[in-house]
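In what follows, chain A forms one complex with chain B and a second complex with chain C.
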Partner chain A sequence: MKHIKISKEFSQNLGGRFISLGDFSGEKFYNEILKPKFEEAKNEGVDLAIDLDGASPYGSSFLDESFGRLKREYGEESVKSIIKFETKNYPHVVELIEKRIW
Partner chain B sequence: MNKLVKILCCIAAVAVIFILRDMCCNNFFANISYDNNIDVIELFSLIASSIIAIWIGFTITNKLTEQNSAKQFLFNDIIKIEEQIDQLEQLYKEDNVNTTVVFKLITLIDSKLTVLKSSVISFGIKDVDFENLYQTYLDIFMISTNLDSEVGVISDSINPEVVKFRKHLRDIVAKINRYK
Partner chain C sequence: MKEISIKSDIELRGDNVRKYFAFFNMISNVKGDLLLNFSKVSRKNEIPNSYKMLISAFIEKNKLNLRVTGLSVEDSRFEAVHPRKIDNWGDDWNFSEIQPHVISGIMQGLKRIGININNPRFSEKYERAEALLTEIVANATEHGIQSRNINYWITCDVDTKNKVAHFAFVDLGIGIAGSHREAGIGLWGFLKSDCRVVKDSFEGLIPSSTKNPDRGKGLPEIYRIVKNGYVDDFIVVSNRAAMIYNESIGLQTLSISNFHGTYYKWTVKNN
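Take a look at the complex of A and B:
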């Protein structure tokens, strides 16, 4: 299983949707971390665990530009079967991704 | 005071008035005679009926107190959720929206909803539909944290969701209130 801890590998303070709008955007996270790791996991046939704790705030714009874009690019079924969320603090963020973004 | 207790008190008061009136009209006190013999069966019956009456009264009072404190507890949680939704709505009426407060409120509302849901289940209150409320919460979360939108747009689109959220919350209040 592959693993991403957003607070360590990306940032503890998350931004908005696009790189042009500020630091640590959803677009930057998608390009630099999420997409490459997802492709690795997909090619190796393993799950990709994403630890949400330790970073904030998870705005819908950030989530849509990262996880939403992943779904639009690779398809819902593929994304849902590979990505596994790990969180104690943000179950509502996982709900938002699974019920609104995907 | 509970409605049932009020009704029982009224019935008891009416009965006492009728008995007193009857006693006075028929000169009851002048014709009182006493029987000094103790009937064991009557004595036993008196003690048994007194014990049963005390036990029933105690059980009813206990049950009503438990129900009322459980309901009050849940209503307090609901009031806090309403206050947080009011604060969120108010934030989008201001010129400069403090996004840190928005995210804090969104997280707080989620944890309050989770606690409310588990409390309702542990108090044994059935048929309370949290799904609609939670779906509306997710809509509010989605709209209010879309940081790239114009604040005016968020404010316009968040209002119907907030109204819907309040409506679902009141439905839950009604369900809890009907719980016996």
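Take a look at the complex of A and C:
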């Protein structure tokens, strides 16, 4: 299994949608971390665990431009079978992604 | 020089929205020199940052030269609202981008009322309250304040005694209904009132003015955060519409005199 801890590998303070609109955007997270790690996991046939805790906030623009874009690019079935969320504090964010972003 | 005597309330509540914004509508039409007379205002030492913020936004937009009279504190303290210095935010408290470290900094006001993201009891509430602010800023920047070269402004007034933090945001951009009309999405946009456009936008009943089907999630997410009780006493004012939501009255909309921008106010309580 591969892992991403967003607060350590990306930022504790998350931004909005596009790189052009400010720091630590969903687009930057997608390009630099999520997409490469997802492709590694997919090619190796393993899950990708995403640890949400320690970073905030998870706005819809950030989530749509990262996890939503991942679904649009690789397909819902592939993304849902590989991505596993880990969180103690933010089960509501997992629900947001699964119900309103995917 | 235009002189305006402040007679109306300096704190925005659900029951004085029309009166409050009628005053700012008057300021929005002033150019050049402006004298604000506060002699008839009670609680002169407690002028909220949210009030100063709105005046500052119009000072910048209309290039006003502001003078103040009738305050019991030194006038210079109020005039220090501009240039851009309030609560030690220095030059950083108005922006045209989403700056996560600044949003995080403003959210530190919640620590003063005992709401800490590292406390498991409050981590969800803190994250959702921070998400609300980020959704508001993201919506404003994605809908053009950056390309139009205008700023947004954020303030937080902390009431440590009652353990309440009051947040406010303003951008003097095109507004929610204005954005839909500019995008030219169908005849409906011209037929519906601003109140209906704003309400439908927050309820997710109309598509994003960007015309991208994957967009348009921000305002419904704001409304979801409000309805789920993470924040209280939510007010949004944009163009000719005001939308108010609180636990006791639920959702209410009312038409107002035109406000050229979008203004939000909400509170976070330690409860």
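Everything below uses one rule, namely that the second predicted complex is superposed on the first by the 102 of 102 C-alpha atoms of A that agree within 3 Å, B and C clash if a C-alpha of one lies under 4 Å from a C-alpha of the other, contacts with A are read in each partner's own complex, and residues count from 1 in each chain.
Going forward, a contact is a pair of C-beta atoms (placed from the backbone, for glycine too) under 8 Å apart; a residue touches a chain by one contact, two chains touch by 3 or more.
Just so you know, these numbers come straight off a predicted model, no measurement behind them.
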item: Combined model on chain A: chain C and chain B, fit or clash; value: clash
item: Larger contact residue set on chain A - chain B or chain C; value: C
item: Touching partner for A:23 - first (chain B), second (chain C), both, neither; value: second
item: Chain B versus chain C as contact partner of A:68, first or second or both or neither; value: second
item: Chain B versus chain C as contact partner of A:99, first or second or both or neither; value: first
item: Which superposed partner A:59 touches (first chain B, second chain C, both, neither); value: both
item: Which superposed partner A:13 touches (first chain B, second chain C, both, neither); value: second
item: Common interface positions of chain A, toward chain B and toward chain C; value: 15-18, 21, 56-62, 90, 92, 96, 100
item: Complex interface listing, chain A residues touching chain C; value: 11-18, 20-25, 56-62, 64, 68, 72, 88-90, 92-93, 96, 100-101
item: For the chain B and chain A complex, residues of the former touching the latter; value: 99-100, 103, 106-107, 110, 114, 134-135, 137-139, 141-143, 145-149
item: Touch list for chain A against partner chain B, complex; value: 15-18, 21, 56-62, 90-92, 95-96, 99-100
item: Chain A contact footprint on chain C (complex, rising order); value: 97-101, 103-104, 117, 120, 123-124, 126-128, 130-131, 133-135, 137-138, 141-142, 146, 214-215, 217-218, 221
